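Each of the two complexes below includes chain A, the first together with chain B, the second together with chain C.
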Partner chain A sequence: MSASVAPAATPSRPAPPRHPRSRGIRRGEAGAGWLFVSPVILILGVFLLVPVLMALWVSFSDWSGRGSPLSGSVSFVGLDNYVAITTGGGLAERDFGTALRNNAWYVLLVVPLQTVLSLFLAVLVSRRILRGRGFFRTAFYFPSVTSSVAITVLWLFLFSFAGPVNQILSAIGLAAPNWFSDPRGIVHVALAAVGITDGPDALTGTGFLGVSWWDWLSGPSVAMSAFVLMAVFTTSGTFMLLFIAALQNIGVELGEAGMMDGASGWQRFWHITLPQLRPTLFTVITLGLIGCWQVFDQIYTGTQGGPAKTTMTPAYLSYTSAFQNQDWGVGAAIAFILFVIIIAFTLLQRWVLRDRPVSKRRIRAYQPRAAASTPSASPKGADA
Partner chain B sequence: MKRHTARTMLAAGSLAVASSLLLTGCGQGFSGSGSDPSASAGGLTSSDKPLTIMIGSSGDAETKAAQDAVAAWSAKSGVSASVVAATDLAQQLSQGFAAGSPPDLFYLSTDQLAGFASNGSLKAYGDQLSNKGDFYPSLVKNFTYDNTFFCAPKDFSTLQLVINENLWTKAGLTDADIPTTWDQLAAVAAKLTSGTTKGLVFGGEYARLGAFMAQAGGRLVSEDGKTAEANSDANVTALAYVQKHLQDGTFAYASDVGAGWGGEAFGKQLGAMTIEGNWITGALGDYPDVKAKVVELPAGSAGKGTLQFTNCWGMAADSPNQKAALDLVEYLTSADQQLAFSKAFGPMPSVQSAAQTWKSDNPSLVAFLNGADYAQGVPTNKGAADVIKDFNAQLESLKTGDPKKILDTVQSNLEAVVG
Partner chain C sequence: MSAAVMTVEAQTESAGAAPRRRRRITVRSLTGQVLLYAMLAMLALVYIYPFLVQVATSFKTEPDAATDPISLIPATFSTAAYERLFLHSDFPLWFANSVIVTVCVTIGRVFFVSLAGYALARLRFRGRAVVFAFVVAVMAVPTVVLLIPKFLVLNQLGLYNSYAGMILPLLVDAAGVFIMKNFFESIPDSVEEQARIDGAGSFRVFWSIVLPMARPALITIVILSFQGSWNELSHFIVSTQSPELTTLTKGVASLASGQLSQGTQYPLKLAAAAIMTIPVAVLFFLFQRKIMNTSEGAVKG
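Right after this comes the complex of A and B.
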């Protein structure tokens, strides 16, 4: 488009020199620049880029964990490692399917819960009339700075068979589950409560990755639900901090304008505050998604994948395949599939949260009854 | 401008790759010399390099005993050696092997043997041991992979029945009632069940239920390790027996009564009997009120049966001083040294020549050592550990499951890794 205009705009300007950096007072600047960034490039290269590339190579090789993966005795096996966990039809495939199932439910519950809770807490402690705001901010943030291993141990104690949580539950007359040894999925438990214990053949007969659709729909196990609660408990403090920062950046003018127009508190939050938090929302959900798909330390220190593999996650499966079974290629392949899943989810939510043109319905609401006064917003809107 | 950025990034990237490859290339671990396949067969390396011994210690007592023993050997042989207690043995070993600088000697469990043996990390030195004939044959079989005896069994343990004597007499039972058949076991378990105390509590996993399978004459993998026989009638009978009594409430899994393992349930008197190995004696120190009596497990239709667990002294193929390492293994597995270990932290010696002394030293634990005569090992095929993990996952719901169906799944999983 602009190609036809550009020459006319600068008719008399001389052609730029081909190598501006080789002449004059700025000579050597590029070299100095490279010198200054080289430590970072070197460090990132050695500790990030090369390990990632080597892991990628391992996922396509038959490296068995002895000696260098780049030595001559290691050979390229193509997609064998990926095939083994996605179409093998054996235990490896079912394990991978189970791990994905567990983690998908974990993500599905943790990400929305922690986002909503952290936003709620942030709004709560940002209110100017609240006394002792500093105390509450610290209190809500505290679980986030505690190490996840310590929190896991605490959780194992709280949710043990005769632990405080179960004592409270039985004190108020609720059935106390045996949290960390209960492999039943909560959706299955709910269905069993209304008398459905076996799925229809359409769901039990077929499946994906060696796990039947009925089992995909089982929901997180009771044990995994305890981890879901823990993740929400520990991470909402961190994300609350992000939301507080974003809330402080929002000017009061729009809110006051809304107030003048008679918007209720909820309407102001939903239509004025929340849209302005969109960039922070994107950050929080992205970080949440990444963190949830990579959940490892709670599993490693807490349950080691049990009961009945219902807390096994791809990250933990990758670890056991590599370090315990010496199947390094499979372990690396799982890690890269996980990487692709995370990228896909991030792109998806970026697309969902994209800036959209104002919808026609919305525009209509803002138009004066007389109409035809805002042709620029939408040519068709003028007709309505 | 855009193109310029792209070119810069490309340059930066390639510089990074080139420089880091250079760096790693200079590093010791990536020389590639560690993958010499001939190292795992034939002669031993010899040099004056010091030895490193990595152990997965159960506690200070074990670490100290190992350090003392190795120091005594060092003084005798003149080769310096140091003991490292690993925090995560599997991971630290893997790191060592990948870097080409593994410890010379290390604890190795049966389920790790196949993985490390098949990738050439291990030196198979079993046949060169001067005390080879002294080890229990079933233990030697545990550490035989591809018809090669890889490493010397360090010690071992078997499962037996542990009885709470107070609850036993309170229920009106005497020594004459000690069960020798499955029916008798079910009968005493029913008598011992009262209130929150179950008759027999054990971990819901193959490493406990496998004893019942052995008593019925079953096993997961045939004795030569070549055929899967998980869904045999014997195994189905065994699981059906356990299931029946899980359902009538006289048996229970440790997790179902809120305990981490059988020993904890036994100590807290949530179970009047449990099935555990000789490691339980250490744990019972926490429960001074509980008086334990160890007897042999009852016999099933195929006679007595139990499972045994063992570790060996693995030797790295990359070790520069295997000759000295072999000498150290012979020293550590000698009858005298194993009896000293036994005194320090309680394991059972893996050599037959130490049996008599051990029995007279530990009269209350004799049943455990008697088990060596009929115990079977757990499968050691590569990938079998995963199958057993999956089996354990299914055993957790044995109470409501179908034993035959569970074993059929195990069978098809095992067939993929056996043979």
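Right after this comes the complex of A and C.
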């Protein structure tokens, strides 16, 4: 890639004479520019761009892990690997479906929880008069600096059957689950509590990706729920910092104006502060979505996908398919589907939270008498 | 809270309007303050207690850890877990490997990333926009997608199972380039212009004039790359196999999944996890001000 743009060729061409004096002191700048960025391009190219292309090839091949995937003995198998995990009807499809189910529930719980909690913490520690502010911020942020391995080891201990969490739960009279060995989905557990143990035939008979609809709706397993709590615990501090920074940049004028108009604290937060936090909210949710689809370290360190594959995630399944089962094509195919999922979620979220002009309804609310005179203020697509 | 306000209102009914109002606000905010601090204290406990119990348990004996996991004071103080880790396991080797990789990656990243950031911010050359677009595009590629690809390339290049294979791919970080570019664009270029007029070459200007000015951004890069490479797990899983190249993350992960032990061995595992947390914790407390107050300076300015 860098060879095609031969750095030596550029300095001989004079730069466009936009700044008359710059020609002298900027001599050799083009060469230096390419030289300075070349290590970055080289390393990102060799260890990022080339690998992705190579893996793309592997996902369309029958490479078994022996020799080079580029050698002649490896053949192109088209979409076989993708078919195997999406419509194959076999174990590979069921595993992939299960992994998607697990991770989808994980995302569904972690993203809202971590966003709300980190915003809540940020609001708490952003008060202008607060003793021990530094202490509280440090306390909430500290879990974020630790490695996922160390925190998983700690979590395995905290949530072990006779561990601290269960001791506290029994002390206050709650049932103590066997966290990391309990494969039951929490929605199923809740339904079982009201006497529903089997799903209707409509849900158990049919399914998607080898997993029945009833099982899709099972909720995260108790084991996965422990990981959900862990993710919220470790990421809320990082996102809290983002919200703190945003809150500090908001300024107090609008809030004070709201106070004068008699808005309650909650109203001021909901109608004045929150709309101004929109860009940060967007960042936090996007980062959360991207991170949550990449659950790997915790599973590798903690449960290896168990119990009963309920903590299996696409990332971990991709790893085990390739490195343990030598199904490299399938592993690579899973990785690319995961890639597409992550990009799709990012785009979807960007679209949902896009900057919309104020809707007609809103404008009418603010200008009750002038409603008829303001159609031009809400351009087309305002209600979309 | 509202009950308290009501009582105060009832009591001060006879007094004038102004003092009543003031009194009401004070009591109300006092109750609010108490509630706020109570809530903060509860939350802080939830966030800190796991780490306290971790350290406490690492000094417990195994039976003690099993019978009383919740207490913060060991019944019998024991350093058996640490002795076993340091004297009878590969733990020191893992630690050394992590140090080697982290130091190399951090030094390399600071240099390469600031070099590229400077070029993208300041030097004019053809294709600059394309290079920058490439860097931004790369930032969007999720790391777990790269597990298999990285192994394939390292294997192909003969770098699998070597320090080079562990270090080289981590040496450059697109996000770091992005941070440095933004930083260099934010500082005035008059000083550089002067040096250029005096005849200094691009590298000279970068090394002796720009880099010393970039200290705040460089510290950010150091923090990010130290923390990132010290805590890195997946890359070492796919780039190494031999026990001599095991890093702390990989080693402790193998401890956790019980490959080296029988029984629960919580003191041992928690001691290992605690030690591997110390370097990032030290880094965090050293630069705490910078990490926590990233934006407060901006508000003052």
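One rule holds for everything that comes next: the second predicted complex is superposed on the first by the 332 of 384 C-alpha atoms of A that agree within 3 Å, B and C clash if a C-alpha of one lies under 4 Å from a C-alpha of the other, contacts with A are read in each partner's own complex, and residues count from 1 in each chain.
Here, a residue touches a chain if its C-beta (ideal position, glycine included) is under 8 Å from a C-beta of that chain, and two chains touch if they have at least 3 such contacts.
Keep in mind it's a predicted model, so treat the numbers as computed, not measured.
*Asks:* Which holds for A:G262: it touches chain B only (first), chain C only (second), both, or neither?
*Replies:* A:G262: touches no partner chain.
*Asks:* Using the touch definition from the top, say if A:V50 reaches chain B (first), chain C (second), both or neither.
*Replies:* both
*Asks:* I'd like to know which partner A:G173 touches here: chain B for first, chain C for second, both or neither.
*Replies:* The answer is neither, since A:G173 touches no partner chain.
*Asks:* Which partner does A:P307 contact after superposing on A: first (chain B), second (chain C), both, neither?
*Replies:* first
*Asks:* By residue count, is chain A touched more by chain B or by chain C?
*Replies:* C
*Asks:* Contact-wise, after the overlay, does A:G78 reach chain B, chain C, both or neither (first, second, both, neither)?
*Replies:* A:G78 contacts neither chain B nor chain C.
*Asks:* Considering only touches as defined above, state whether A:I41 meets chain B (first), chain C (second), both or neither.
*Replies:* In the superposition, A:I41 touches chain B and chain C alike.
*Asks:* Can A:L70 be said to touch chain B (first), chain C (second), both, or neither?
*Replies:* both
*Asks:* I'd like to know which partner A:N325 touches here: chain B for first, chain C for second, both or neither.
*Replies:* Touch partner of A:N325: chain B, not chain C.
*Asks:* For A:L91 in the superposed arrangement: first (chain B), second (chain C), both or neither?
*Replies:* After superposition on chain A, A:L91 lies in contact with chain B alone.
*Asks:* Under the contact definition given at the top, report the residues of chain A touching chain B in one complex and chain C in the other.
*Replies:* Residues 37, 41, 44, 46, 49-50, 68-70, 160, 162, 322-323, which sit in both footprints.
*Asks:* Taking the touch rule as given, give the residues of chain B at its contact with chain A in the complex, in rising order.
*Replies:* 12-13, 15-17, 19-21, 23-24, 29-35, 37, 90-91, 94, 97-98, 100, 112, 115-116, 118-121, 255-259, 382-383, 385-387, 389-390, 392-394, 396-397, 413, 416
*Asks:* Taking the complex as given, what residues does chain A use to touch chain C?
*Replies:* Those residues of chain A that touch chain C are 5, 10, 15, 25-26, 28-34, 36-37, 39-41, 43-44, 46-52, 54-55, 58, 68-70, 121, 124-125, 127, 130-132, 134-143, 145-154, 156-158, 160, 162-164, 167-168, 233, 237, 241, 244-245, 248-249, 290, 293-294, 296-297, 300-302, 304, 315, 318-319, 322-323, 328, 331-332, 335-336, 338-339, 342-343, 346.
*Asks:* Could you pull out which chain A residues touch chain B in their complex?
*Replies:* Those in contact with chain B are residues 37-38, 41-42, 44-46, 49-50, 53, 64-74, 90-92, 94-95, 160-162, 178, 181, 183, 305-309, 322-326.
*Asks:* Okay, in this complex, where on chain C does chain A touch?
*Replies:* Within the complex, chain C touches chain A at residues 36-37, 39-40, 43-44, 47-48, 50-51, 53-54, 57, 66, 69-70, 112-113, 115-116, 118-120, 123-128, 131, 134-135, 138, 140-153, 155-157, 168-169, 171-172, 174, 177, 193, 196-197, 201-203, 206, 227, 230-231, 233-234, 237-238, 248-249, 252-253, 255-257, 264, 266, 269-270, 272-274, 276-277, 280-281, 283-284, 288, 291-292, 294-296, 298-299.
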